[in-house]
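Have a look at this one.
Letters A, B, C, D and E name the chains as they come in the text, with residue numbers starting at 1 for each one.
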Amino acid sequence: MIVDSALYRNGERVDLASHPHEYHVMREGVRNPGDFVWLGLYRPSERELAEVAEAFGLHPLAVEDALKAHQRPKLERYGEMMFLVLKTLWYVDADDAVETGEINVFMGSDFVITVRHGRGSQLAPARHLLESDERRLLTQGPSSAIYAVADYVVDGYLSVISELVKDVDEVETSVFSPARTSDSERIYALKRELVEVRRAVLPLRDPIRRFATAEYGERDIDDDIRPFFRDVLDHLNQGAEAVDSLELLLSSAFDAHLARIQVQQNDDMRKISAGAAIIVVPTLVAGVYGMNFDHMPELHWRFGYAYALIVMASSVTALWWWFRRSGWL
Amino acid sequence: MIVDSALYRNGERVDLASHPHEYHVMREGVRNPGDFVWLGLYRPSERELAEVAEAFGLHPLAVEDALKAHQRPKLERYGEMMFLVLKTLWYVDADDAVETGEINVFMGSDFVITVRHGRGSQLAPARHLLESDERRLLTQGPSSAIYAVADYVVDGYLSVISELVKDVDEVETSVFSPARTSDSERIYALKRELVEVRRAVLPLRDPIRRFATAEYGERDIDDDIRPFFRDVLDHLNQGAEAVDSLELLLSSAFDAHLARIQVQQNDDMRKISAGAAIIVVPTLVAGVYGMNFDHMPELHWRFGYAYALIVMASSVTALWWWFRRSGWL
Amino acid sequence: MIVDSALYRNGERVDLASHPHEYHVMREGVRNPGDFVWLGLYRPSERELAEVAEAFGLHPLAVEDALKAHQRPKLERYGEMMFLVLKTLWYVDADDAVETGEINVFMGSDFVITVRHGRGSQLAPARHLLESDERRLLTQGPSSAIYAVADYVVDGYLSVISELVKDVDEVETSVFSPARTSDSERIYALKRELVEVRRAVLPLRDPIRRFATAEYGERDIDDDIRPFFRDVLDHLNQGAEAVDSLELLLSSAFDAHLARIQVQQNDDMRKISAGAAIIVVPTLVAGVYGMNFDHMPELHWRFGYAYALIVMASSVTALWWWFRRSGWL
Amino acid sequence: MIVDSALYRNGERVDLASHPHEYHVMREGVRNPGDFVWLGLYRPSERELAEVAEAFGLHPLAVEDALKAHQRPKLERYGEMMFLVLKTLWYVDADDAVETGEINVFMGSDFVITVRHGRGSQLAPARHLLESDERRLLTQGPSSAIYAVADYVVDGYLSVISELVKDVDEVETSVFSPARTSDSERIYALKRELVEVRRAVLPLRDPIRRFATAEYGERDIDDDIRPFFRDVLDHLNQGAEAVDSLELLLSSAFDAHLARIQVQQNDDMRKISAGAAIIVVPTLVAGVYGMNFDHMPELHWRFGYAYALIVMASSVTALWWWFRRSGWL
Amino acid sequence: MIVDSALYRNGERVDLASHPHEYHVMREGVRNPGDFVWLGLYRPSERELAEVAEAFGLHPLAVEDALKAHQRPKLERYGEMMFLVLKTLWYVDADDAVETGEINVFMGSDFVITVRHGRGSQLAPARHLLESDERRLLTQGPSSAIYAVADYVVDGYLSVISELVKDVDEVETSVFSPARTSDSERIYALKRELVEVRRAVLPLRDPIRRFATAEYGERDIDDDIRPFFRDVLDHLNQGAEAVDSLELLLSSAFDAHLARIQVQQNDDMRKISAGAAIIVVPTLVAGVYGMNFDHMPELHWRFGYAYALIVMASSVTALWWWFRRSGWL
């Protein structure tokens, strides 16, 4: 499905009367270097993509990747064309889960084609930001669109990560709360999500670095836009560092949780034992006065029974007090 | 055993009237650059392989490797010839196990010889895919056959890994199920299989990278086929990343399993203690009324016995209710 | 807010009659190479920073970073200008916590602008040290100010780390003290703080290395001042090593803590069991003399009761002594 | 002690009438490039080695190393001479232990001197294999002797590793057997042996890589013999990978062992508790009928006693059955 | 404090009549390249060092470092001068602890100044070894003194490590001894000491590598002395490897210790339970014969009491035997 398609000339969106599928009309609208067509697709059918591929001369391997999705982030160069794969991430509040989508970007000297998979990864905001950008990045040609997409996607990573930071804080509070919590499942789920984030963030660093640094020297990337890619790279590095920290904290939190379980078990055991001791002593007293000796003076006392009950009660009280004091109860 | 042997001329399979063992006849069929012979062997005997080695001028060290199998994936160059070792993996549903085989590939300017060990690693599908490929890769010469084999083998890795992903999901469900499970053996077995997968995937990356990138500049590999090797490399990287993730998840799952065992032990201990307390209290009551004091009014009550039983029963009930409420039972 | 602003000419602070906001007047005061303006800002408003940016020609991306703070340490070059981000750390005694701030430094050939965020990161001492430095570093131009800031910030890291070393020593003492301690929360908090320190220290090493070594060859950095940056780099490396050591020690301390909990649990269990045994034996004795056999000679002894009590008491004593000797009590 | 000494001329062993200690006579027998003397020493005395050093012009630091042994594997170049240190490994079946020895090799343009320490590291087989090699490697000069030694030593590593693989399999079986095993000591011992193997295998990779690859360009190593060193390097890599896998498996096996101990403890605890419950209930019944109430009808029943015993027995049976069913017994 | 100062001319120590503080007199004694002054200081005062710095033209940053000590090992070059920091280690038998000192070395073309901090790091032996060295290293100039110091210090590392190896062996024996040991504190202390050793050994490798290899090409280091630095580097690598192994073994030993605690706890629990069972059964018997049924034939038997006692005793014996057999007692 074609979501949006436009021709950018001299940094301005040009409205063409042509039908969105008349790709050649659009390309013919390109006049100067820096002008380009941006075609936005969402889950295109095989036929749709084949038409686009023919019109823009896309490499079959890249087209296959864009159709299948489930790639890892990468940057490929096929002759004059570049093909970039990005993973998108978004946080679903309902179940504290991270979901993933994918964006494939084809870039030639006069066009950018974005192919999007997965719900939560609309590119419309990125396009609008770029169109209204006062720094007039659009005049830099197709690489400005790549920047807009990458910046938007990486901002998405950072906001997912900041949600995960909150989740880790919650886990931490829960682990060290006096309540009996079963945090290990939560910790596992968060680790699993961090794995997901890591798989989006880490492999993207190499492509962005290639856009950002002069050493790699990707042709087609204008020098003036390089600092912007460095900015994106910086955000990626920040994300990667945050993921490392969160993983370390989760592992430490899990260890602390394990220690806590142990301590609780010990506390319970001592509580139980103290409870048992409190009952066993009066039972012994009862056993003593249940003996059948002929000569047991207490048995014949008038208040012998009361006396025995008092002995029992005071032993219970004494033990209770003693266990309290030593922290067993 | 010769499994299949054919001459490819101008990208087409040519049927020769020659006997499969008349290697020189086949080689003589090569006319143009890009034509080549593809000889497929399965567990060749020493004599069989020696004949082939002589006919194609294979290096003795490579022949020795191909005969013995049990090599690690590698790419060797002996003069004009290249020798590639790949491990094959397949998943045996019956016992959730990963089995391994090995493929050795000799490549010269006008021939490819594949030597296969282990059952589940047929190359026929790879050959057929290549022969019917509409991109006419076969015209690229022997490197197209290497691509076909590598692509096929690496696809095999990915499908094995996707089975392991399912297994890890099962383990995860089992670990966090309320049932008492003994997942540690399963986790261990999966880790063991991941080790196997890792040993196939990781060392293959370097050879494929050498095929894929211009920097390494392996002679004999045509520039047009390099993107296809990059595609294979990408799948390998994807596999390697998945293995890393699975190992991390298994370790976390094991930790969670350990925590769970601890929690269950604690739960059991509390259940046991609660049970003991419930019995010990009426025992104390019985002990009290078993004392032999002369003056124990209750003993002479008409319904003293019933009263005692009621006291016991209510203490049992009260304790039961209390332990229930505090989650010990 | 402008905290301090001065012109340095020939290594001396020059007092200008101009208003601090008349930036152009200050810049015009620059006569010779090595003269420069140092403008110190604290949490500038967007408008304030925009004025400065215009006056000194700062790159919009850098300005955006300096305004938002929450960057990771980095060094960016925009044309002739350099932009350095440093994290500041300080230790709050009240709650043994590490807090973080941020300093952004813009550097051109004739100016340095420091933008500070976060309370505990005043730069006044750094400026005064530099002004009164007898090695007359100020004559080296703006890079001397960068050095002064970096040196000051990194010294701050080392003093935070030395506080953490003390904290780890305390934890260690606590873990191995005979008392029952719950160190896991403390250990977790310290690990968390180490993560914070690590995120300040590690990424700063690359920028400082670029200032320090001739290979990187940052223009604008005078050769004579390089050894001073090497000194700062050395302190950073020392800090990074210390953080590694502390993390390792904390992990080991946690392991030891876990072992200790286990040992304590075992000790408690044995103590409890010994206690139970001491009571259960006399209970058996009482049970025996509570039997109703017709012929039980002891029951008719004159001192049978006393005898039974003595038997009980001596069994208690004997068990007590025995458990003591075997270390169970 | 001189173990074997020979002159190799044109790839053939030449028997010289000279006494083995007349080193100069042997060296004079060298005619063509590729001819060389191979002197094999076993634990030479200081004087013996000094004589050899003088005759062949060995560097004093290398001689010192060869005398002391206990070096790590390395390759040193002193002027025209090369000095190689290898660790030898062998598996002692009697106590499942790995023992280590050391071989020092001096190599000049016309001689090879091997100095051996430790029992199980005879080089005679390596020499014989080389002398009878049909590929006539000996014509390649001294580097063929180095190859023969390195190949022999590395084959030794692989066979030690395959023994360790068997040991790890045994440990694995033991860990997951239903029997109560104390595998932690065995696992520790195996880890210790893997450390030993690792210290032999890993540092040798660099020297062999230098022999194997043209990039390093060790003079004296003939191009024709390089593929043979690559073969050795490949075996070393295989060994290193196997050691990694075994360490990972041992760690996982240990974890599983720990989980198993926990589970067994829990099982025991439940068994014990069930046993206690089975006895405590009839004790309560006995307590009840030991009460002294005036009106307890059961006491006067004719078969009251039998009834009580039946109640006890059936409670025991019922509890037994119930605990069995719930898996506690 | 000046510990020793001498002029070395043509590889021989020259006794000068001058007062040790007349530095210029000593320097004037230098005649040929390779002659140099070696000044040995121990904890110099600020004034002392300032005089030396002036006489030899030392860089202020290096002087500051040498005064403060507590640097990490490093090699700095200030113009023509080199500044090397080494950590010294020694083992204090009394408390099995590793202590650290520091040596700072200034080196110019005609002088070496060693500044020592910490008790156990005398350099006199290093100087004497060098003076009496028959290889006449002293003729190589100041770098021979650096070699002498580095060799001496690194030998110190190796002897500390060999003490730690013994300690780890002891811990190992203790962990696997049948006795109840509390090894976790010992293991922690050893890990802590390994951290100390690691901080001395690892950062020194880079400076020594720079002295040892031609690639780095430190001026002032004569080619003939490079192999000696390679020897030192080799010892450093050996030390680093040993530290790695020891850390791994300690971690494994700790794990085994933890497993052992668990097993002991389980053993204790079973012992306790068996003990309890042995007492609880006769208690039940006593309870039975304490019941008040009218018709209990045993009560009226002549030897009923004896019979009951025998039943109790035999139940105790039977249980004892049974628990023994099943390994619970």
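Following the convention adopted for this analysis, a residue touches a chain if its C-beta (ideal position, glycine included) is under 8 Å from a C-beta of that chain, and two chains touch if they have at least 3 such contacts.
These figures come from a predicted structure and were not determined experimentally.
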Connected chain clusters in the absence of subunit B: one piece
Partner chains that subunit B and subunit C have in common: A
Set of chains whose contacts include both subunit C and subunit A: none
Size of the rotation, in steps of 5 degrees, that lays the CA trace of subunit C over subunit D: 145
Gap in Å, rounded to a whole number, between the CA centres of subunit E and subunit C: 26
Subunit A and subunit D, separation of their C-alpha mean positions in angstrom: 42
Contacts with 2+ other chains: residues of subunit A: 258, 262, 265, 269, 276, 280, 283, 287, 290-292, 296
Cyclic ordering of chains (reference subunit B, direction subunit D): B, D, E, C, A
List of subunit B residues in touch with subunit A within their complex: 135, 172, 176, 227-228, 230-231, 234, 237-238, 241, 245, 248-249, 252-253, 255-256, 258-260, 262-263, 265-266, 269-270, 273, 276-277, 280-281, 283-284, 287-288, 290-297
Residue numbers on subunit A that touch subunit B, as the complex places them: 59-61, 65, 71-72, 74, 76, 78, 182, 184-185, 187-188, 191-192, 195, 199, 203, 254, 257-258, 261-262, 264-265, 268-269, 272, 275-276, 279-280, 282-283, 286-287, 289-292, 296, 298-305, 308-309, 312
